[in-house]
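I've put the structures underneath this note.
Shared between the two complexes below is chain A, which has chain B as its partner in the first and chain C in the second.
Our next item is the complex of A and B:
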């Protein structure tokens, strides 16, 4: 008898209700005790941690044991068809798992992190928003009704706006918040339009009951375009990304981890839900569009990231890149689905979901690491850091783990999912027509360049911020972050490694989604999945991350021994290199982050359009100047050539219209109303 | 004994005629008097409806409360307040309208005919009385709107607004025999607040421009 037939857990969905209530009570209690900062901090984070731990257990059980069924909670409201209804299938459960995992870690981290807001900000309000934010994300991915989805989506957007502007006295934070809320509402408008179209043509508001077969071809395309724009805005897909590198750095560290780690993933959830679940996989051009957008986002996002010297901005741009990679996987899956190649569709979707999980883990880790650096030094500018590996060894170690993961190096988790994405690309290149082949090969090339730039970006970040000599006194006086913060990062770093070595266990969690979305399993195509070996599509290639890790571990002492053996006959001398006759090296002689990225800036100057500015204050001779100031800036191409013209033309149009229609006379306005009323009367009389 | 519909029909006609009287008025003081008359007629309609219903069903009907509220607010309080405003702002006898009176009356007749035409085309409205009620009340709304356009002084706009509101109320009262109590009371307080605010604005306009002629507000535009 299968487990889910046992009536042991007939009230399983109540656990889900309980965890939502836990979040909400955490939010309210934190507000109630806001007089005591420590109290608020403890209440908010303990409640969030308990709720998210419940969420993790709930989802793992759902995905492993109860993956054959879905759970529903329905609360009727007076207004048809709006009801508060939750529908938890495997896809929802997976996203709840990702959210809960990062929320659990972020809550532990927050207990320490919030201390630097004591006496300057209201911790109670933060705790309230924090719990509400996590709860709203969970509601987004579990809502079973399109109208409730929109409500949850809007709560998520609004609460995250308030969290972005939490440090509201800084002008750049206000600006970031404004751009964020404008962009997110443009996106929401498109999502609403798409959902209303779905509702209009199917007459059903419940995700589980919608049957899209009656929707005409053209309308399906419109729905797809609208939801791609809407969810693409939230995902930060190029060219709708402009809010992301502004809003994520402006938010507090734990919030940027949650936003970059999981909030933007809700967009991927929306796309998967609409394209695969509701519209049934879609047409060939849908997948191609998603694939191309993903490829462009990957390369452009990481290209911008490489130029940044603000750690959090760099991470934010890198999120654009990773969302691009996720979209590549979704696009490939949709292409395969429209070609009827279910096994490949399953493989691509799995790769994409795997990357969603992995990205949320390592990006969360990196943002938390950046938060600790900011906590200890007060700056996020890597040119003002340096040498932190000696002051903050644990933070440095965890950050390095995150950096290795995001650069897709084995045995960390980023490698596994990017490997899977590449395999999906290679397998797809063999299936389509000649145009499709070209597109897929170009995407693979873009992804390869993006991978190189990602590795370079994180070499730059880690090298400048953590290695060498401290550049400022702030970096010199840095202290290791509190234990709770380290614990949070440590859990994520361990997960990075574990998910990298044992990816097949993750695949088992994901497989229920495949069966639900595409009626196929990843384990059916390739025989012989052991728990340590990962096979690609149809088992052409396989890889064992665990074996790689062991080989790596063996290789390190082997290489060391070899070097020792080969250099046996040469002599050593301890000497300061590169000091060129100076007495000792100081931090000003170090390679800077800006310098590190210069070669790429020169090669791609058509894209970056760098602007240089050199100010020299001359001293006694032209060879000895007192002070020099060198400033280099790159143009954000999309803002300058896409958004600014649009904004300018809208403003001009409004100005001209104001002179034309808004005369300032109340009588004119009244006449407008009068004319409209008369016209309506006549119109309805004719109809 | 008259039929209820006949009485209501006569009252609604009278209310419409009072709107025509309003359009024919030349001075601000007489606007207020005509509005008071119109509100009294409306109160009479609500009262009649309430009494007939109470007699028929032998239980209390909320139309009576409506009647009392209309008397309290629209017959006593609002006209009194507008009178006070008129006394306090500078009073000048001057031409207050853009379109002269005979032409205004003709336009209003045209509006009433248009409304009747539109209403009679709607297939779901069948009864003769219903057509009359709706025509009268929606004509009242249109005439109120027209009155707002044609008058220069701010009091004219307030009265026009109140006439529109009377028209809406009449439509609801006569066709559906009153909206739910809570909705009606909400609307009453809405109107009250709007009139209070507009009254304050009239003072402010008078202070800043030495006149309540709203045509002078044109230079407020940014």
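Our next item is the complex of A and C:
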């Protein structure tokens, strides 16, 4: 190593330390100046923006220049083996990059967004939690040993809980917070169990030093199941998802963007770290399990999303879908790994990582957009919106960019990763056995339905909230969001397009992870790799979003000119929408969001179990009624058939135990203590 | 480079020229069977020319999405047709596109068409959008299954249409197998559903009963309507081309002129088949469409199973 290189290299650790300190000082300063709302707002967001900008630069440099090695920071504490230690390899750097990117944008956005909390909330506390939340996510993905990881994980869970219940006077927010904190701790319990097992069998707590080769087969399986449940809860994988569509909508807009955009990705980080880094790729059934769970989450998540009329709930369910797609990629990679096909494993893992990046960008954008709508109109119910494209043209444009990305339409970024996932499925079907072929083909079919339903969900959202006539006065009087909020969304919208047209540049950032996890590169073997063409596994097919964009850019003016030439004598006229010749069309006659999803609700009624309520108030005539109230709701099958029985039996058990052993009499309790002490004494005396 | 551009232009001309003719032929055949004389097969072109000259009326409620949609739909479907050329010699961009891309390029048009249906605030157009999304959610998995099965064929091993054309053209009649027949029927059902034909939808009316594709276009007029109509017929031709070159591939590796002639012949035959299906069936109730889609899906699954799990 040349001398100047060493100097630079060691300097990088300080940059990382500096960015954490920036977050923490932002948090503390924001509390200190909480008397001034403007001051708190500025301090918290400027510190977070500066820190995350540092993080972006740090990670891009790490991934492009120093991708051959990793950084370590170790601060020993008095208790062995617990130490504050950071280990930043390419995987960590990639996740820090994703977190920093969204945090940067969210901080810019927050400067405007927080204004509507002025005089009703303590901005200082928000700034404190906000900075701490981002810092804790960065600590989760950079922690170097399992104990520090758990500490960071717990900080992240607690801080995000406080942010979820930030608007704590609403009963549904409190309920959402409670469900969130319970579910997240069930998950944490499983993660702790998995980590304790790892520590017990390897005797090492540091991620870099753990050597899993000595762990017996059965224990490896148990570790895998525990971490799948633990991280799956955080990821919102079906059936562990129930907290997600409650907690994400309850949080303020900028926080839901961070939670859906990046916090749930820390679960993907955990799975990749455990399965690939620590346990070395895993067995065939691991990958199959991840794949199937991913496929089910994708279809069920989006099926629920399509029924929602609350924009943020819809987005939250769609996060479940996208985590499912990410899990499909991870599962395929693990399957390929266990079959010894490293090239395919690399391709699938890359597809999955690409989707992690893309999803954080477009889902962040959509949540920020939903936040803007809420900011301007005070509602998230799309049935009460409409016509916002005229009142909020920029928000509408950015939201549309996000909707196009999430519906995987070229040339936006969602398409690239979805294409890569399809190619990974295709290649895996080609190499697998009969059963694997069937599983994969079913997953591909599920993904296809999920794709159309995702598009349908966002047509519904955009169509009812932004297009046609305003349905309420709130929507009619909406004003465009402040400039800082638009700037935040604009950056993400531009990124959606850029990452969709130049995906190969992103792959170059990602490739270090492949070399680290699987000792292979996605760029090896593919002949004639250019920076504008994306090759599939073994180069058997390829797309070039850039060439596609050029075709589009050439065809659009050509078509415009041709059409103008052909219709040069025709004129353009504005007139009312066809109303069958009765009276003027009003907003109540428009198609509603509930109506839009009705055909699908009817076709899949066995799954949705729709329930409707119709109340009619009749006047003097039998045929014309004065008022009618129609309410339709779907049953959340997992809550009703899985969680409710569990909760009921736990409550029943507790009730019975109370009568049996927990009677409330102090004498009985003293006997318990006495018996336990005696038992312990006997046990230790024997030993 | 120059050759590539020539190929693109030729493909675009073939597509734009042939697409309205296919619709015209289907209409003519239907008319003859119903003992009507029917309009000329070239009526589609006259209609388009007329529409381009007509004035455009746009609703007060509509936003820029409504005006942009016809152009976006047209351009995206033209771009898609470049990746499914009439004959293998016309692959100008074979190396940068594949079946998944084509499916999603078609989806762009659907996305914007459904959005513009929501844009004018009319109940009818919104109903069309809603139903269109339901039907495509039901049809899309079969489409993906057929494409995957075709791509997984040992002769092909890729999802790019270039490889698919080449793989299927190579062995003469050797590609015919039970699996192939099942997939072909499934693909026919997919084409009928995707192009809004009887029994799924009726392209010749906009009654409430049949309000799917035509309902979405209800508010369009003039050049916008012309673009929407021609895009729909290009989409139809594109899907027919997939059948021609994948399921009836013989002759496609002959000389250019011969192959083009055969291609036109094959397109005419398949249009005839679609017309016959349309004549001999009735429009289904909207909520019977899932059964129809399930049939396509089951056939595709059986095709896949017999091909890869049971061998042939």
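Definition applied: the second predicted complex is superposed on the first by the 648 of 687 C-alpha atoms of A that agree within 3 Å, B and C clash if a C-alpha of one lies under 4 Å from a C-alpha of the other, contacts with A are read in each partner's own complex, and residues count from 1 in each chain.
Assume a residue touches a chain if its C-beta (ideal position, glycine included) is under 8 Å from a C-beta of that chain, and two chains touch if they have at least 3 such contacts.
If you're wondering where the values come from, they're calculated on a predicted model, not measured in any experiment.
When the shared chain is aligned, chain C comes close enough to touch A:456, but chain B does not.
In the superposition on chain A, contact is made by A:681 with chain B only, not with chain C. Contacts of A:667 after superposition on the shared chain: chain B is touched, whereas chain C is not.
Contacts of A:438 after superposition: chain C is touched, whereas chain B is not reached. A simple residue count on chain A separates chain B from chain C, and the partner touching more is C.
In the superposition on chain A, contact of A:651 is made with neither chain B nor chain C. Across the interface of their complex, chain B is touched by residues 662-667, 670-671, 673-674, 677-678, 681-682, 684-685 of chain A. On the chain C side of its complex with chain A, the touching residues are 49, 52-65, 71, 74-76, 78-79, 82, 93, 95-98, 100-101, 104-105, 107-108, 110-111, 114-115, 117-127, 129-131, 133-134, 136-138, 140-145, 148-149, 151-152, 157-160, 163, 218-219, 222-223, 227, 286-287, 290, 297, 301, 304-305, 308-309. The part of chain B that touches chain A in the complex is made up of residues 98, 114-115, 117-118, 121, 142, 145-146, 148-149, 157, 214-215, 217-221. Interface residues of chain A facing chain C in the complex, by the touch rule stated above, are 387, 389-390, 400, 404, 407-410, 415, 418-419, 422-423, 425-426, 429-430, 434, 437-438, 441, 444-449, 451-453, 455-456, 459, 462-464, 466-469, 533, 536, 540-544, 547-548, 551-552, 555-556, 559-560, 563, 566-567, 569-579, 585, 587, 589-591, 595-600, 602-603.
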